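In what comes next, subunit A is part of two complexes: it sits with subunit B in the first one and with subunit C in the second one.
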Partner chain A sequence: MPAAANVSERAVPGAAPIPASAGWTRRLASARTGGLGVLALVLATLPWVFPNNYFFEVAILVALNAIVCVGLNLLIGYAGQISLGHAGFYALGGYGSAILAARGDWPVWLSMPAAVAAVGALAWLVGRPTLRLKGHYLAMATLGLGVIVSIVLSNEDRWTGGPDGMAVPPLVLFGRAVQGEPLWYGIVGVGLWLTVWFALNLIDSPIGRALRALHGSEVAAETVGIASAQWKLRVFVQSALIAATAGALTAHYAGFITPAKASFLHSVELVIMVVFGGMASIWGAVVGAAVLTLLPQFLTVLKDYEMMAFGAILIVTMVFFPRGIVPTLQRLLSRSRR
Partner chain B sequence: MGEQWAQFVAAGLTSGAIYALVALGFSIVYNASHAINFAQGEFVMVGGMAAVSLVAAGLPLAVAVLLAVAVAGVVGLGVEKLAIEPAQRSGKADVVTLIIITIGVALFLRGVAQVLWDKRVHPLPAFSGTEPIAILGATLVPQSLWVLGGTALAVLALGWFFSRTLYGKAMRATAVNPLAAELMGISTRGVMLASFALAAMLGALGGVLTAPITFTSYDVGVMLGLKGFAAAMLGGLGSFGGAVAGGLLLGLLESLGAGLLSSAYKDAIAFVVILGVLFFMPGGLVGARRSERV
Partner chain C sequence: MSLLVVEHLSKGFGGLRAIDDLSFEVQPGTVHAIIGPNGAGKTTLLNLMTGIYVPDSGRIRLAGQDLTGQPTHRWAAAGLGRTFQNLQVFFNMSALDNVMTGRHLHENTALVPAIFRLPAMRRAEALNRAQARALIERVGLGAWIDAPADAMPYGALKRLEIARALAAEPKLLLLDEPAAGLNQTEAHEIDTLIRALARGGMTVVLVEHNMRLVMEVSDRVLVLERGARLAEGTPAEVAHDPRVIEAYLGAETVAGATTDTAAEAAHA
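Take a look at the complex of A and B:
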């Protein structure tokens, strides 16, 4: 057994080194294997404790947002490139698949990957000039891209149904429409687990180290042979692909899509989830998405005061935990352990 | 044809003047803190809504307008004191954190406006009648002249403030080098406070000047803030002349684009322009080329 473990450790050089002698207990306790196990356990247990469909609906919403945020965190947290326009990719994934299916009579199992691939190509195209920019200029450019997408979606009503949105055909698999909250919960739950697994592996791979290196200093990264422009573009496209996938899933699950999905406010919400949960922390993105998706559900009790409360909570957490919730808690835990 | 052009230019300059005021606010705060204040558009809303309420409370229009600008100034001070200063004092507040905090402030102010007023659209009475006047072939509402005149006056006053007064010079010194400014005895905290108050008052001025034409509501700040940000970028972030030029240019391009190309895409024009500029000349129109020090 130790021999096999050694080989797999070597396949991912530099990943958190786990001595072979420590065996599988240590491995389970690691953030990667253990965390993925816990996530799988939580995702599998929740349906048994949900009292009604509303809980499934909220859980699906949480999982979809978490998928987008894990992808977005690769870009913002690890590569250090902000995007204030990711809702654009998210909405384009949804609209693309919806338009192909509704107006072009494509089967949904084909329209979804086609739309996602098209969004990836678009991200690659606009990413090249955009990612040369830094700081506020990058923020402005991504913001501009997002706003343009949202205006186009509201205006091209022949295709998109305009500001009122459009109906989206259901996903049909093996001759049957995929319907009902528990089934969709299963799909997005597996989707979330796969996304987290992919992201955790990515950041512990040479690609992840290259991203963190160029986050620290692009010039230093270039001098040790990291083609920073290329890696930034790749992670940008990857996060756009993830956002588009989540967008397409959302559209076919809800059966309806509106241009609000592409709005600046939605882009900002996604970034807030990432920063609130913790930049450069995969679990932070999941926690941030969960907390900030659940919060408005509770705040609806406050009705008119909802937006005010949301703003206030945001200010207070950012002032006191500028690193985000999860990294702050991790630090507190490790300090108390010592 | 000539008349049509004159009309486009007049409309463009009017909305451009507001963008210029918002862009100036962005640049002033950026110079003091190197942060983008995403609540800048909300100051426009605060100014307009406060003026509407004060007029409704029976105050004369002129008093209401001045008071509304002052109210926004106080809100600006409060934002700096309660949100920005604690964040910077706690140490590690990088640019992204500050951006998120100002977005939080924007949401909070919008939420307060929703509660304090409502979600409806409110008009403000025009400053001097609504009888259209013809100038150089363009037909204008008198309020447009108020917008242009008020903006010009504000820009001149600002120019005088930054070049002739000790406080203005202190703010410029802080923008160039905060540490050196502090060593010369300038209170950089005071400069931050003054910058937010000034930015808020400029935004509010834009809000009250334009409220009789475009009306105002709790959410007018969103688009205005984004376009003001684009205008500030267009002129080169941190440059005052650039902010004014960027605002006017954006207004003109928008009105010409809406008139000649497509009015449905009026709001997109600003962002297409700014993307073109960023992709092909990333320092802005006025901004100098800088090389990064490692």
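Take a look at the complex of A and C:
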């Protein structure tokens, strides 16, 4: 290994070994492109091994949750803020687009971006006053917002169909309705891959350094000129936009939407996926979303004991993987390599 | 023209006047030390000078710009860089990333070039990386460039903070006890570094307990006591000022006090 030459020039004797400069960046780059390659391969292979549509349905659900979690992890893991209302943004993206398309006769290719933009504006309105304050005011504000959204969606039945939900018109592109699980799997799969790629690029850019700096030391971040409140607001709005996009896709894929999507429990689930997979880790968000979406599918065989087993698995995982699955594994791996 | 102008600055906490009608100026290209016994108001002054506290009255101008009451990042944008007495390093990053983050104000933080990793952004990143490497070498941490910050020793982190502050190309560098907690050798390295910065034309405000360091590198010294100016002048003037000696050693020993004893007492 040629990089070993660099390791030997150490100024402080007995200090921790320093990864060789070239090797370090190369490894980082390869983990990045390697990971993206593996993700593309997995996404492309799965349709060939899926025996029936049910598998496609679950895979679409996993991918949509993963998209939301990658966005949410930028907020939780990097900006250090918790949102307990992301299910609200998710549902509003779906309902907004559904209502514009069904009641307003908007074409879906227009109703989706319009609803997503409106959710972004709402997130900005909620985030701007709360993120100027230090502490976890965003968690409280989004908790309240999520509950309000959930109540409004259940009660305004003239628009939303009430607790029973409403039918959603299909997405029509080039004169044809986008329907069928395999096609939607393709759309959502490409969406997930792009989301991960964008997020990885973002974290490895001046923006990503600013976000990691906020996570590391907000005081120091401010002293190098990082406007912390502004950056937190940017990330919060972006994560809400991503959640709303996923929500709109879900609505038009399923052809149906209910207020359950907006429930507080769904918001908490999303946060758990992020923490479980690993905060401040893009791959952690994907893994967390995948594991926690798939787990209930396997645990249904336990019937009444399903939730007990689910809880036990969560507790055991957090005991042995305190930083979340991906960061803890990464740490173990890099330690064993030394 | 003075680079930093502090006018009639006051800040109280309850009944305590931590800074009491304080005025002073810092000339460009000089090393200006601020000293004083514990509780004299040095930390409060620093927090006022970086936007962490808002003064009750008075104003502070940096390079002609009135920054009184502005948030910290505005002070940074106006050209103020600082280090911290109790380290504020980004422990979740490598040494290199810490220093690269220091260049935030000079970087393009638009979303589109970042998420698509456009060639212009890659070139800017490469340039930033090269500059950050050079800075890390300059503060003598060449061997630690790619080390994770949480694996670095205390003395190295002190210098890493200086490199990060320098990366922003500040007009004024505020060093808050850069030698605190360092042994003789490490303190001497900081000493050399500050001298090199001063020779390069950097304006430095130095808050420090280590009197030897203050006497060696400063052009001017401001002595604070109970939030007000006790004395100000060259290191030699201040060291022989009876009021300063009295504040540090007590009234009885004034007669026999020399620079060295005053320095030692202050350091103790």
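Simple rule for what comes next: the second predicted complex is superposed on the first by the 303 of 338 C-alpha atoms of A that agree within 3 Å, B and C clash if a C-alpha of one lies under 4 Å from a C-alpha of the other, contacts with A are read in each partner's own complex, and residues count from 1 in each chain.
Here, a residue touches a chain if its C-beta (ideal position, glycine included) is under 8 Å from a C-beta of that chain, and two chains touch if they have at least 3 such contacts.
Predicted model only: the values in this text are computed from it and were never measured.
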item: Contacts of A:R209 with subunit B and subunit C, given as first, second, both or neither; value: second
item: First (subunit B), second (subunit C), both or neither touched by A:Y305; value: first
item: Which of subunit B and subunit C A:G135 touches, first, second, both or neither; value: first
item: Which of subunit B and subunit C A:R176 touches, first, second, both or neither; value: neither
item: Touched partner set for A:V219, first subunit B, second subunit C, both or neither; value: both
item: More subunit A residues in contact [subunit B versus subunit C]; value: B
item: Partner chain(s) touched by A:A280 [first = subunit B, second = subunit C, both, neither]; value: second
item: Which of subunit B and subunit C A:F198 touches, first, second, both or neither; value: second
item: Which of subunit B and subunit C A:R158 touches, first, second, both or neither; value: neither
item: Touching partner for A:S228 - first (subunit B), second (subunit C), both, neither; value: second
item: Intersection of the subunit A residues that touch subunit B with those that touch subunit C; value: 217, 219-220
item: In the complex, subunit C residues that touch subunit A; value: 50-52, 71-73, 75-77, 80-82, 84, 88-94, 97, 100-102, 104-105, 107-109, 111, 113-117, 121, 124-125, 128, 142-147, 151, 153, 156, 164-165, 167-168
item: Residues of subunit B that touch subunit A when the two form their complex; value: 30, 36, 83, 86-87, 90, 92-97, 99-101, 103-112, 114-115, 222, 226, 229-230, 233, 237, 264-265, 267-268, 271-272, 274-275, 278-279, 282, 294
item: Residues of subunit A defined as touching subunit B within the complex; value: 76, 82, 129-130, 132-133, 135-137, 139-141, 143-145, 147-148, 151-152, 155, 217, 219-220, 264-265, 268, 271-272, 275-276, 279, 304-315, 318-320, 322-323
item: Complex contacts: residues of subunit A adjacent to subunit C; value: 9-12, 15-16, 18-21, 24-25, 198, 201-202, 204-210, 212-213, 215-217, 219-228, 280
